[in-house]
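I have a structure I would like to understand better, so I am pasting it below and will then ask my questions one at a time.
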Amino acid sequence: MKIHNNKKNLFLALAACAALTLSACSDDNASGSADAESDNPNAITMSWPRDIGPMNPHVYNPSQLITQSMIYEPLVSYEEGGEVKPHLAESWTVSEDGREYTFKLREGVQFTDGSSLTSEVVKKNFDAVLANKNSHSWLGVINVLDKIEVVDELTFKMVLTQAYYPALQDLAVVRPVRMLGEAGFPEDGDTSKGITEAVGTGPWVLDEYKTDEYAVFKRNPDYWGESPELEEVTIKIIPDAETRVLAFEKGELDLIYGEGVVSMDSFNYLKETGEYTTDLSDPVATRTMLVNSTSEKLSDLNVRLALHHGFNKQAMVEGITLGLEEKADSILSSNFPYAQEDIEAVEYDVEKAASYLDEAGWKLESGGAIREKDGQPLELELIYDKTDPIQKAMAETLQAEWLAIGVKLEIAGLELTEQIERRKAGNFDLDFWYNYGAPYDPHSMINVVAEDGWGVAEAHSNLPMKSELDEQVREALASTDETKRQELYGSILNTLQEQSVFIPISYMKKTVAYQNDIESFEFPANRDEHPFNDISVSE
Amino acid sequence: MTLLEVKDITHSYGASRSFWRKQDVKPVLSGISLSIEEGTCLGLLGSSGAGKSTLGKVILGLEKPQKGQVIFQGQDVYAMDAKSRQQMRRNLQVVFQDSYSSVNPRLTAEKIIAEPLENYEKLSAGEQNRAIASLLEQVGLSSSDMKKYPREFSGGQLQRINIARALALKPKMIVLDESVSSLDMVTQTTILDLLQDLKKMHGLSYLFITHDIRAAYSISDAMAIMHKGQIAEVFHNKDEVFTSQQPAVKSLVDSMLPEHPRYRNAAAPTEAKKLFSR
Amino acid sequence: MARIRTALKGKWPFAICSGILVVFFLVSILAPWIAPNDPIQVNLALKLMPPSLEYPLGTDQLGRCNLSRLLYGARVSLGFATLIFVASLGIGLVVGTLSGYRGGWIDALLMRFCDGVMAFPNLVLVLGIVGLLGPGLWQVVVALMMVQWVYYARMIRGMVVSMKEQNFITAARISGSSNWKIIRRHLVPNVLPPIMVMGTLEMGWAIMDISALSFLGLGIQPPTPEWGAMIHEGTSFMRSNPELMLYPGLMILFVVISFNVIGESLSEQFGVKRRY
Amino acid sequence: MVIYLIKRLFAVVPIILFAIFLMFVLVRLSPVDPAQAYLAASNIHPTEELLAEKRQEFGLDRPLIVQYFQTVADIVRFDFGNSYVTNTPVWQEITTRLPATLQLALSSILVAIIVSVPLGFLSAVYKNSWLDHFSRLLSYLGASIPQFWLGYVLIFFFAVKLDLFPVEGRGTWQHFVLPSITLSLALIAIYTRLLRASVLEELEEAYVLYGRTRGLKEKGIMVKHVLRISISPMLTGLGMNLGKLLTGTIIVEQVFSWPGFGRFFIEAIFNRDIPVIQSYVVLAACLFIVCNLIVDVIQLYLDPRISREGRAQF
Amino acid sequence: MHTQPNVLQVDNLNIAAKSSRGALPLVRNVNLELKPGKVLGLIGESGSGKTVTSMALMQLLSQRSMHVQGSIQLHGQELNGLPAQAMRNIRGKDIGFIMQNPMNAFTPVYTIGNQFVETIRTHTGLGKKQAVELAIASLESMNLEEPAKLMKKYPFQLSGGMLQRVMIAISMSLRPAVVIADEPTTALDVTNQLQVLNELDRLRTECGTAILLISHDLGVISQLADEVAVMRHGEIVEQAEVCELFDRPQHEYTKNLLQARPMLSGNEALNRLVI
C-alpha cells in the first residue's frame, strides 16, 4: 500500500497537466483574432461556409474558388455577356481550322515572389494539369488539348486535337488552368499532391491563415493591373448560415456574399430592416428538374408534359425563394450567349396536364386520388440533396402540387454523393439538376446533353431524336461559324424544351448583403470569381 | 439408519485464473466427514468463516466439491443423473438465515409454497390449495395469509413460510442454515419449538447450522464443531461439548455469554484470542 | 400498481408529468384523427400565417399547419424513442440474462463484446455508424439501438449475477424448478422494473439524441415532421417568427422533462441508482 | 496501486483492438464503396479504370484479414490514411483541429464542475430548501433543452442584442463564454443531480452519525468526509458522459463556428470521407478510455477501497 | 467533585416524530439514571425505542422531524435544547458513543489514525504529534497489537472485532463521563463478543465511566449490566438490579423475554461448568 506516499504527488501531477493544457490554450489565443473591428479602416471582413483549403490552383476540394481566384489569374477573362477579354494574355490568334491558338503574354507581369510570367511557366502549368487529365476531364478544353508549345519568352501556342469553339471560355475558369509561379511547383512538377508555396499574379496575397477559422488577404503591392481600393480582406469561416447572419447583424462581418450563404428568409429580413444594403445578381444558373426518359412511366412525352404543366412555377419559386430567384421558362437565361428569345414557355395549366395524362392512359378511378394504368399507380420518385433546404421545400411543394393531378410523388432526400451516383446510374425518375453558369455555359450544358458519363445524356437517351441531337451538339461545339452555331443552339434548346426532359424551374442568383459603409459593390461576371477588386469603403 | 453421509470433502474457492497474480488457493473445506442418522438433528457449529455454509451448499448439491462424496439415501449426490437428482431434491430441502431474501418479493405466500408442488406433484387447483392451507397451518399461520406478499409478513412469519415451502414435498431432511439466527429471542424460541414439533411429527432429519451453541444445544441430538474448514470434533453426546479440551471447541465454549448474571464470564479466553485473532 | 399509487402520494410534479406524457402518447397515437390539417400539405399561399381557427398555431414557412406538425412530431419522437427502448431492452434482456445465468465462456464472450462496444463514447459510435451506413432516420434508430442494448445487457447481467446468489433463487432450484422457470418466474420479473425505470430516463435522452442528429442533418427525412428538424428549419425565422423555433423546442422540453421527472421519482421509489 | 494501474493499462489494449475491429467491420458493412466515395469527394469523374486503380491503392482487393492487420498496423503508427476530401493525412487534420475541440470540452467540464459541485452538494445538504428546488429545476431544464436551440438563443440575446460576447469564432476568452455555457448546461444538470443523489445517499451512512457522535464539526463531516466520497460517482459520470460531451461539441462547433474536429467530422459524414469518420471514432474511443483511466486514478486517490475491490461496476 | 451522584439523569423523556398527521409518539415518559462506573442495560426488541432514546441523549435527532421533551442532565447540565455548538463540544468528549456496526461506522476513505486524531484534536488543544501519541497509547490499552501500524490502516482492512475495539479506544481516549453503547456486539462474531464486553468493563472500572448498554441480547446484559431497564413500545416497563430482574421478573413481557432465551436445559451444573 503506497497510497499514502504517492497520492499527493499524483494529484499535483494531474493539476500540473490541467494547468499546462489550459495555458497552452491561452497562448494560442494571444496570437491575435480577426475581427471586423480591425485597425485598418480600409479593410473588410466576409464570411465563407468552409475552410479555404490549401490554395492550390490545380485541384478542387477542399480549395475554394473564391480564394483561388484572388491569388491566381487566367490567360483570358470572362466578362459581361460572355465576352472574352485579354488578361494575362494580351492578345491571341486562332488558326483557320480552329486547332491552334497562339497567345502573346502581357509584359511585365510578376508573381508575388518577384519572378516574371513567361511562356515556360505557362507551359509548366498546363503540363501539370495535363498530367492529371482524368481529374479534369469535365472541362472541355482539357479533353481536346494536345500540347503547349513555347514560341518565345512571351509567346506560346496551344494545340488542340480538334476544333473546339469554347476553348477560350474554358481558359477563363478559376481552376484548373490558372497560373502558379515557378516557386510553387514541387520538384517533380506534379501539383496534384500539393504545392510548395501559393505564388500567383493576382491582386491579393494570403497574409495570415488559420485552418477553419479565418484567412487574411492583403493587397498585392506589385500588381500589374489596377490595384483594388481595399487593403485587406478577411475571410472568416462560419459554417452555419444562421450564425453568419447573427454575426453580420452584430457587425462582426461587413459582407455576406455568395450563393445559398444565407437562408432566403434571413436575406429578406436583412433587406427589410433597411439598415443594410442587399442586392441580387443576374441569373447565374438555372435550377432545373432532370426528367429520366428511360424510366418506364416517363418515357411517354405526355406524362412529361403533364408534369411540366402541372405545377404553379411562379407561386412555388416566389413562395420558396421569397422572390430571390426568378421563375425560369427556358433552361438558359437571357444573359447567356446564344440564349433564345423564341423558346415557348410551358405554362401552368392543370387541365392541360390532366388531359395529357388521360391521353397517356393514366386514368383516375372514381374515388381514387392517384391515377392508374393497367392496375399500376402513377408513382414517381424525386431525389434531392437533403442538405439543400430549397430543393427540399420544392420537393415537398411538388409532392403536393402533382397530387392534385393524380400523380403520387415520393421524395427521397439523399446525400449529394448518393444523389450524383444515382443520377449517373439512371436510378431515379426525377432529379434536381443545375447548369454550370458563366463562363461554362452554354457549351458545358449542351456537352453533357450529348456526352455520356454525367447521367444527363443517359437520362435523355430515350428521346426519339437523340442521335440527331447529339450530332447537333458536336457540330455546335466544333463550329467556327458564329451564325451556324446560333442556329444549332436554337434547335437544341427548342428540342429540349419541347421534349420536357429538362423542366426549368428558376434562375438562381447570387445574394449579397453588406454594411452601409461599403460602396461600389459589383457582382463579378464570372460565377466563381471573387468580388473584392471593385469594393471600396467609405470613411 | 444413516440418511446422509459426507465423506472426505475438500473444497476451495479463489482458484483464480488471474494472469497477474497466482492467488493462494484457500481451502474452505478440507477432509470433512460426517453422517446424519434418520430422524435426528445434527448441530453444525462454528464461528463465522469456519466453512459451515459452504458445507451446507455442498450437501444440498449446489456446489460440487473438488474432492469427496456426499451420499444421500445411499446414492452419491454428485454422481447421479439429472433425473435422480431431481428426485433427490424432493427429500432434501433447505431453510436459509435471511427469511426476506429467501422468497421472491413479487410472489404471494401461496405462490411461494406452491412452487415445489407445481414442480413435483401434479395437483388440481383445489388440491393444491388445500395442501398449501394445511402447510400454512402446520407452521402456525392461517390460510388467510395465502394472498399476502412477503413485505406484509414479519421476519418470523416469513421464516415459517420458508419452512412450509421446505415441508411441502414431505422431505426426509432439511438443512437449516442459520435459520433462526437473525430473529429476535422470543421468535427464535418459538421457531425452534416448531422445528422440534415438525421433526417429531414427520420423522425429519435436520442439519442445523449455527454459530449459537445454546440454540444448537437445544435442538440437536448430536453436535459437530467446525473450525477453519475442518471438523474439530463430533459429539454424539452433546453435553460433552462443554467439557471438551479440543482448543477450537473450548474457545467457542469459553466465549459464550452467560444466560444469567450469576454466571458471568470472568475473562476473555486467551485460547480464543490466539485462535481467532487475524 | 400499488407502489405507483403510493409513489404518487404528495408528489404533484410526478402527477403532472405523467399527465403530460399520457397526453403526448395519446396525441401521438391519435394524431391522424385530432390533427386539424395534413402535416405535410404545403400551401405557399398560406405561409407564415398567424393563428386562426383553421390553423390554431399558425403555419410555417411552407404554409403547413404548425399544430398538426407538432402533433405528428410527437409520433416520431415518442414512437422512435419507444421503439429504441423496447428493442434494445429486448436484446439486452436476452443477452444479459443468458450471460448472467449461464456464466462461463458464453458470459465471457458476450461481456467482452459489450466491453468493446462500451469502449466507445456511445453517441460517437452512433455518429460513426450513421456516417458509414449513411444518414437517415432508420440508420439513426438502428445505431442507437445497437449502442443502447449493450448497457441494458450489462446492467441486467449484473443484476442477474447478484440475484443468482440470492437465497430465493437457490430455494427455487431446491424446489425443483427448471432453469427456464427460474428465469421466467424469478429473474425477469425482478430485473425488469428497475431497468424500466432506467429506461424512462433513457427515453428522454433518446428523444434529445434523435433531435440532435436531425439537427445535424443526419436523422429524419422530410417532409416527416420531427421536432429537432423543425427547430432547425425554424432558426431562419428566429426574428420574424420565433414561434417556429419555440414550439418544437417547448415540445422537446416538456417531454424530456416529464421523462426525467418520472424516471427520477420512480428510481427513488425503487431505489435504482442511475448509471450516469 | 501501481499494479492496479498497469493492469488497467494493459486491459486497454484488447479494447482498442476490438474498437478498431468494430470500425473495420462497419466500414466493410457500409454500402459505400470507398473508391467511389474517394472520387466523389475529390470531385473526380469516376471511370471504371479509376475505380479499380483506387481500390487497389486502398488495398480493398486483398483478403479481409490482411486488410484488418494492415489497418491495425497503420493506426498503431498513427497513420489514419488521407482524407478523401482534403487529401492530407487525417492525422494532420486531427492535430490541427483537435486542440480546439479539447479546449472547448475542457472549459465546459471546468464550468460544469465549478457550478455543479457546490450546487449539487449544497442542495443535498439543504434538501428541500429553495436552493435545492432551484438546482433541481436547473438540472431538469439543463437535461431537456436541446443544445442547438440554446446556442442560437444565447447568441441572439447575449451576442447580438446585448452585445456582450462575440457571435462566433475563437480567440479571446470571451469567445469561450457562450459555447461553454451551451455545452456545460447539460453536464451541469447531470453532475448536479448525480452529486446530489450520492451526497444524500452518503448522508444516510453510519459514518456520518459516528462523526457527529464524536463531536466533529458539521462542516468538517460534510466536506472532509461526505463530499470526498460522494464525488466519486460524479467522476464516473464525468467519464461516462464524454460521449455526450463530444456530440455536444459537434453541435456547438457548428453553431458557434468553432474550428474543431467535430465540425470536420460532420462534413466527413456527408462527404463519406471514410478515413476521417473511422479515425474520429477510434480516436474518440481512445480518448474515452484515457479519460476513464484518469477518472480511475483520481478515484483511486479519493477512495483507497477501489484498489482492493477492483473498479466498481456502474 | 460532583454533588450529584448521577452522571446522567433523564427525566420524563418524551419523543415524538412529526408527521403530516401530527406527532407520532415513539418514546414515552422515560426516566433513566446513570451512576459513575455503573452499567445500565437497556433491553427490548427492535423497534421498541432504544436507539431513538440514545439519539435523543446525544441530541442528534433532527429538530425538523422530531419532538424531544423532558430533561436530560449531564452532571446537572441540561442537554435538551442546548445550543448546537455547546452540544458538539460535549459529544465525544463527555459522552462517548459506540455504534452497532463497526464495519460501517468509520469513514472508509480515511485511515484509522486520521479519524482518531481528528476526534482528539476536535476536543483538545493537542498538536498533531501529541494526538498521535495519545491515540497510540489508547489503542495499546485496548490490547490491540502494533497500534502504530494499525493507525495507518484503512477501516476495510480490519475485522469487525478490531474496529469495535478501536471505537472503544476512541471513546476512551477522551475519558468521557458517559458512554452509550448501542448494540455493541450484535454485528460481531461470537468469539469477539465477550472480548468487546470485557473491554467495556475495563473502561468503566478504570475510568469510572458510566455506560448505557443498549442490547436485545440477554446474554450481553447479563454479562455486563448492573441494572436493567426493559423497554417495550417506547416505554420502560420494568427497571431493576440485574440479578433481581433475572430472578424475579415483574412484568409479563420481561417474563416472556426471559423464558425465550435458549437455556442449556436449565442445567445449573452445566452453566457453572462453562464458566
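In order of appearance the chains are A, B, C, D and E, and numbering begins at 1 in each one.
Here is the rule we go by: a contact is a pair of C-beta atoms (placed from the backbone, for glycine too) under 8 Å apart; a residue touches a chain by one contact, two chains touch by 3 or more.
Remember, it's a predicted structure, so these values are computed and weren't measured experimentally.
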Field: Contact network partition after chain D is left out of the picture
entry: one piece
Field: Selected pair, greater C-beta contact count between C-D and A-C
entry: C-D
Query: Which chain would you call central, comparing Cα centres to the global Cα centre?
result: D
Field: Centroid spacing, where centroids are CA-atom means, of chain C and chain D in whole angstrom
entry: 21
Message: Using Cα averages as centroids, what's the distance between chain C and chain E in whole Å?
response: 52
Field: Inter-chain centre distance, chain A versus chain D - centres from mean C-alpha coordinates, in Å
entry: 37
Junction residues of chain C, two or more chains touched: 134-135, 217, 235, 238-239
Field: Junction residues of chain D, two or more chains touched
entry: 152, 156, 254, 270, 272, 304
- prompt: Of all residues in chain A, which are in touch with two or more distinct other chains?
  reply: 242, 387, 415
- prompt: In the complex of these two chains, what residues of chain C are touching chain A?
  reply: 40-45, 47, 61-63, 134-135, 217, 221-223, 233, 235-240
- request: Provide the residue numbers of chain D that touch chain E in the complex, in ascending order.
  value: 205-207, 209-218, 220, 225, 228-229, 302-305, 308
- prompt: Once bound in the complex, which stretches of chain D touch chain C?
  reply: 14-16, 18-19, 21-23, 26-27, 29-32, 140-141, 143-149, 152, 156, 190, 193-194, 197, 236-237, 240-247, 250-251, 254, 265-266, 268-270, 272, 274, 277-278, 280-281, 284-285, 287-289, 313-314
Interface residues, chain C side, partner chain B - complex: 166-168, 170-178, 181, 185-186, 189-190
Field: Footprint of chain A on chain D - complex, ascending
entry: 1-2, 36-37, 40-47, 50, 85-88, 96-97, 99-100, 102-103, 106-107, 152, 155-156, 159-160, 163, 166-173, 175, 254-257, 259-260, 263-264, 267, 270-272, 294, 297-298, 300-301, 304, 307
